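Presented below is the structure to which this report refers.
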Amino acid sequence: MSSAATTAAAVTTSTLASGRSQDRDLRSLAFLGALWFSLFFGVAVLFALIVDTAISGAPRFDSALFTQYTQTFDPERAEALAATGRDPKDLSAAYTGFRSGIVGSIILMITTALLAIPLGVSAAVYLEEFASKTSRFSKVVEVNLQNLAAVPAVIYGMLAATLMAVVGVQRGIAIGGAVALALLILPVVIITTREALRSVPDEIRQGSLALGATVWQTTWRQTLPSAVPGISTGTILGLSRAIGEAAPLVMIGFGAINFAPEFPFVTSKIEAFPLEIFNAASDSKEVVQQAASAGIIVLLAMILGMNAVAIIIRNKFQRSW
Amino acid sequence: MTALTQPGPPSGAGPAPVLTARPRPGEAVIKACLMTAAAASVLVTAGILFAVVEPALEFFSRVPAGEFFTSDTDSPYAVYPLIVGTLLTTAIALTVAVPIGLGAAMYLSEYASKRARKWLKPTVELLAGVPSVVYGFFGVFFVIPVVLQGWLGLGISAYNPLGGGLVLGVMIIPTVASLAEDSLSAVPLALRQGSLAMGANRMQTTLRVVFPAALSGIAASAVLGISRAVGETMIVLMVCGSIKNMSLNPGEGHETMTGTIARTALGESPVESTEYKYLFAVALLLFAITFVMNMVSIAIVRRFRQAY
Amino acid sequence: GDSSAEEDGSGAGAGDLDTSVTGEVAVDGSSTVYPMTTAAQELMTLDGSPIQVSVGQSGTGGGFEVFCAGETDISNASRPIKDDEEVPVCEENGVEYTELQVAVDALTVVVHPDLAVDCLTVDELIALFGPKSKAENWQDINPEFPDQEITGFIPGADSGTYDYMAADVVADESETLRNDFESSEDDNVLVNGVSGTPGAVGFFGYTYFEENADKLKALEIDSGDGCVAPSAETAQDGSYTPLARPLFIYVSNKSYTEKPAVAEFVDYYVANLETVATGAGFIALNETDYAATKDALAGIGG
Amino acid sequence: METFHLNVYYGGFHAVHDINLTFGKNEITALIGPSGCGKSTVLRCLNRMNDLVPGARVEGEISYHGQNIYAKGVDPIAVRQHIGMVFQKPNPFPKSIYDNIAYGPRVIGMKVDNMDDLVEEALRGAALWDEVKDKLKQSAYGLSGGQQQRLCIARTIATKPDVILMDEPCSALDPIATSKVEDLMLQLRDDYTIIVVTHNMQQAARVSDRTAFFTAKPDETTGNRTGLLVEFDRTKRLFSNPADQRTEDYISGRFG
Amino acid sequence: METFHLNVYYGGFHAVHDINLTFGKNEITALIGPSGCGKSTVLRCLNRMNDLVPGARVEGEISYHGQNIYAKGVDPIAVRQHIGMVFQKPNPFPKSIYDNIAYGPRVIGMKVDNMDDLVEEALRGAALWDEVKDKLKQSAYGLSGGQQQRLCIARTIATKPDVILMDEPCSALDPIATSKVEDLMLQLRDDYTIIVVTHNMQQAARVSDRTAFFTAKPDETTGNRTGLLVEFDRTKRLFSNPADQRTEDYISGRFG
């Protein structure tokens, strides 16, 4: 036995069964703690945000929040108006609601989805299933998409505003906002759809093509159906982002609206929920700020709900081939 | 060359099947539609350029460039103070987002089990889904008055880039974490095994082998974070203030590039006014900055992908 | 769209409203007047009118810009239209209008509640907000004031409130104020800024102060006859000078005559002026001023 | 079916060199050879599946019923309808067993009187009917690997092709499943021309009528290994009495 | 170093069954057997690298200097500091050659008087010094595959372990590099106990003192293949005169 081995043997008995793992020494634990902190810092902030906002919005979790339009009358003076036969609850800022914003955001979301999903999925299908990966066109589109994904949301608003001016439609109508939001989430939809398509194994495509199916038949009947969970996950996440966006809508001239949009909704003036919250948060009356807090909780519930649905779809339905 | 000397096997005879190309008009139309959709994304970029460049040029034809590229806060069109505001906010946001995003990425890629990752990752990503109006509200009514002025007792203004940068940083944590995690996970398992087999612990393996190997991807994630931070609007509009300010003190109010754009747009200046055109000059600069940042990030990612 | 307000002039309310009139009304302008016009709209909707009124708040100046471009029917204003800059634009575009005073306001100068300053003279106001002011510390204004850094939160340059302070109070020929203060069209940003920053000062409409009286301290103003606090009474009786000011709506004559919805809304607004003003927290007009407003309204149709 | 001077390139890489082969009607032809010698490449050329590989280029001629399938104006889709293919890994579609079979006839627009009959016929043809007849509506993913592979064969014969190409159809299967698929191949020989790539010499010996042995020769300068055909003969003769030393080395296990 | 009744499970799958082996000090022991019989699994257990495989479970005992390395309180990291490992594919760190060597001593907190000397010693020990002494600061990725593998060996011996485990250390190398690594193994035998997994029977015969032959037996009901030890003996004896028929079949190439 060599000397090296002897030393090793001696060392062995002393350190092998130290009873403490070196993964559990002080520095490792501190490091792990830092990683945990990083992981949960953001979530903790989100939690603080929700709790703080929920507490300030607590007095306003009522149905008026959904059923009433914006109301500005000072609560005390609204009471005084009861004498004239009007119900103060329909005037008082203490009962202000987000009806127009919620309705508007739903219209916006549906219109956005109708614009962005077909366009985005088609583009993704072309890039994944039809275009040659090495073609110049694909490369240009690829880089272009990455860039579009990083373009600030306000700039999409400016683009949509210009488009609307060119077409000559009124500012502040639903379609303008939907165009801005659809453009905003288009890269997200395309990128996630491509990922979903890419995760469908080539064997499935080859199996279909070898039977004499065309590329489109293969895509439509095999690849796309298999990619649906992935596509819906990406689309829902994209839409949940769109529903919370305010900046591009500011550029479109979305303002305060206290009436129901008329059919067909796309050409009607509407208000968006996040912008209405922004306005309420800017109001100097405390009761309105409470309503803004309550509105934020509602908006967050909508968005977190959509995220949860997306995650569940991804984790449950996405086939791992 | 080959030993093909034997008589051939019975070769196929019989009715020759029709193999000539059948026209498939439906297929062609569909393909054309799909291609148009793909090309539309390029049109969007062209549209952005058209929508932004034309009014920006109009602006420069009315206002000398010297009144735009100046640090003179008396010039209504000075852009340098806006850049200072944007820089301060971005720097603070990155100070939050890069270490925390990287930490989260390291946990997810090096420590979390596959099952845990499936739920933890979307949880972290939730932060990017929270509307920026909500972050702005939180910044104005909680972070600045309660945390910064209250708990920390800082004598700062009610609107400032310090608070704005902090909430913005939280918002871009997932952006940084996501790309950083991709690049950490791309480090081959063999390197980790090599390190662990030598008796290194997990922390050493993570910090000394995996981290350096993924460094370029992590750099790319930070650059992407910059372009996100520079482009964010509602948070800076609500939290950072509105003074054209060349001071580097993040506790004072500062106007930023996106802040100017949104504030002026909220003011509904008529479309033909110089003030309105000014927005597009700022937007053009903003677009250029995010474009360059993004290209840098793509270039870095390309390089590191080639490494393995 | 014939209104009975002209005939009986009593401003009785719901009974005068013709709920069969439909249409859209576009309003923009002063953020000071915004709550009042919105209140009028809400009251009218509550009384059964299906008219769709959209109200913007881009500031008096911003409002006039779109109003004179013919894009809105009504412009809220916290100062009169400017003869030199805005009137020519309206004329050029053929927009004829009628000015209707709807309320009085006491422009209120507020400070952080902990600041030991209670009253300012007009000269001190100029030293504080004037375009040439370089005052960084309250002691630069008056050595008796506390040693405290000044942070300012003032309305944006598009606002009538800014214009009023610049042109009618500070009265510098540039008609501007200093540019190193935070500025916003959004008055709540100012409320929050002043209440949240030690040593801060700002100014805005009386309504905003009244709603936040617990967080802010309003300064008295000394225009030579001693310190006067802003209030409904001092504004109405004229003792709160030079900061008491009229609030207006400007109505496009063409819209009024051609769009029944606009006429219906304006008539309703004026008929219910006192309810609307007090409901939204404004200082109502005294009898003489109200009569003048009704006369002006009657003049549009004729 | 014949190939004349078939050369295939992947980008600049010369994958197979000058292959001349004649596949017998209603015979099973086996392609054997070490890994990377281009067996799959040749097979994929035979129904133009190689068109789908980016950068692949084919030179030479492949004649099918006297027509060059690489001629201008030939529709690769039509080619694939006549020349079916079965892959190494069973690749059923994520659909029911029934729909897996019905898919092919539907997409190629085959005139079908009764789809149920066609499905039954194809499944019987693939010796799978008895095993699955009670669960036609269930997902194909519930079948075992061997059943899945036979389902893929059934799917292929449902479109009534003429030639069936198989690329190592048993390499992902266990011995029992393998023998079932081999039995099926022998049975199909009566109606179809079958060309099969295999790594398993015993299999080639067991099922094929003729065998083509390929090898790969490294280029002296670049080191790129280009596949070429060494020997093509009746299977019995090739295994018992190979003409080429390399063939003998390979089948005796001395090399590869 | 010995194993007693070693059983390894991956989740519910029984990968190796009841292995009893004694590795001789300053000897080279080769583990051979067909693919999937659990050679790598056994090797990974010897320095507790299997702890890193999710779902892996080890039963039985592995005694190292009289201590059971799977006993409670034993730090797997400490175990790995004494029992080094070299992998199939060279896996140098993306650092300089120097830093690759210095990494181990640094992370385990070894007291080092002069790191330069230690690096030279390790590189000399791995017969690599002359080839790289002029480019110590250059990236290890610039080396050839064989050099990289010897660098990995150098990296391992820099931490002065006692036992070195090697999992098919030459399977990714060309013949010349292989022979260099084999020479190195023989040279290292003087100072280290070496356990090597190899697919190459010639290699086992050339370098090892003892050989353990494993095979995999399918379970009758589930068909899962569980690895077991067939024969363990002096290499010469095992190759010239195997006691078990399965060993003979394997080494004569008749099976596997």
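Things to note:
Just so it is clear, A, B, C, D and E label the chains in written order, and each chain counts residues from 1 on its own.
Here, contacts are C-beta pairs under 8 Å (C-beta built on N, C-alpha and C of every residue); 3 or more make two chains touch, one makes a residue touch a chain.
Listed by chain with UniProt protein names: A = Phosphate transport system permease protein PstA; B = Phosphate transport system permease protein; D, E = Phosphate ABC transporter ATP-binding protein.
Bear in mind that the values here come from a model prediction, so they are computed numbers and not experimental data.
Shared contact partners of subunit A and subunit C comprise B. Chain centre most remote from that of subunit D: C (centre = mean of CA atoms).
By number of C-beta pairs in contact, A-B leads when A-B and A-D are compared.
With centres taken as mean Cα positions, subunit D sits 48 Å from subunit B. Put simply, the C-alpha centre of subunit C and that of subunit E have 85 angstrom between them.
If you average the Cα atoms of subunit A and of subunit E, the two centres end up 51 Å apart. If you average the Cα atoms of subunit D and of subunit E, the two centres end up 41 Å apart.
Each of the following residues of subunit B touches two or more other chains: 140, 201, 266, 268. For subunit E, residues touching at least two other chains, in rising order: 77-78, 82. Residues of subunit A in contact with two or more other chains: 21-23, 214, 281. Interface note: chains touch in the pairs A-B, A-C, A-D, A-E, B-C, B-D, B-E. In the complex of the two chains, the subunit B residues touching subunit E come out as 113-114, 188, 190-191, 193-201, 204, 208-209, 212-213, 307. Put simply, subunit E touches subunit B in their complex at residues 47, 49, 52, 54, 77-78, 80-82, 84-85, 87, 89, 91-95, 103-104, 107-108, 152, 155-156, 159. Within the complex, the subunit A residues that touch subunit E are 1-2, 4-5, 7-9, 11-13, 15-23.
On the side of subunit C, the complex with subunit A involves touching residues 13-14, 24, 35, 38-39, 41-43, 45-47, 50, 52-57, 186-189, 191, 207-208, 211-212, 275, 278-281. Listing the residues of subunit D that touch subunit B in their complex gives 1-2, 18, 20, 22-27, 29, 64-67, 69, 73-75, 77-79, 82, 162, 193, 209-210, 228-234, 243-244.
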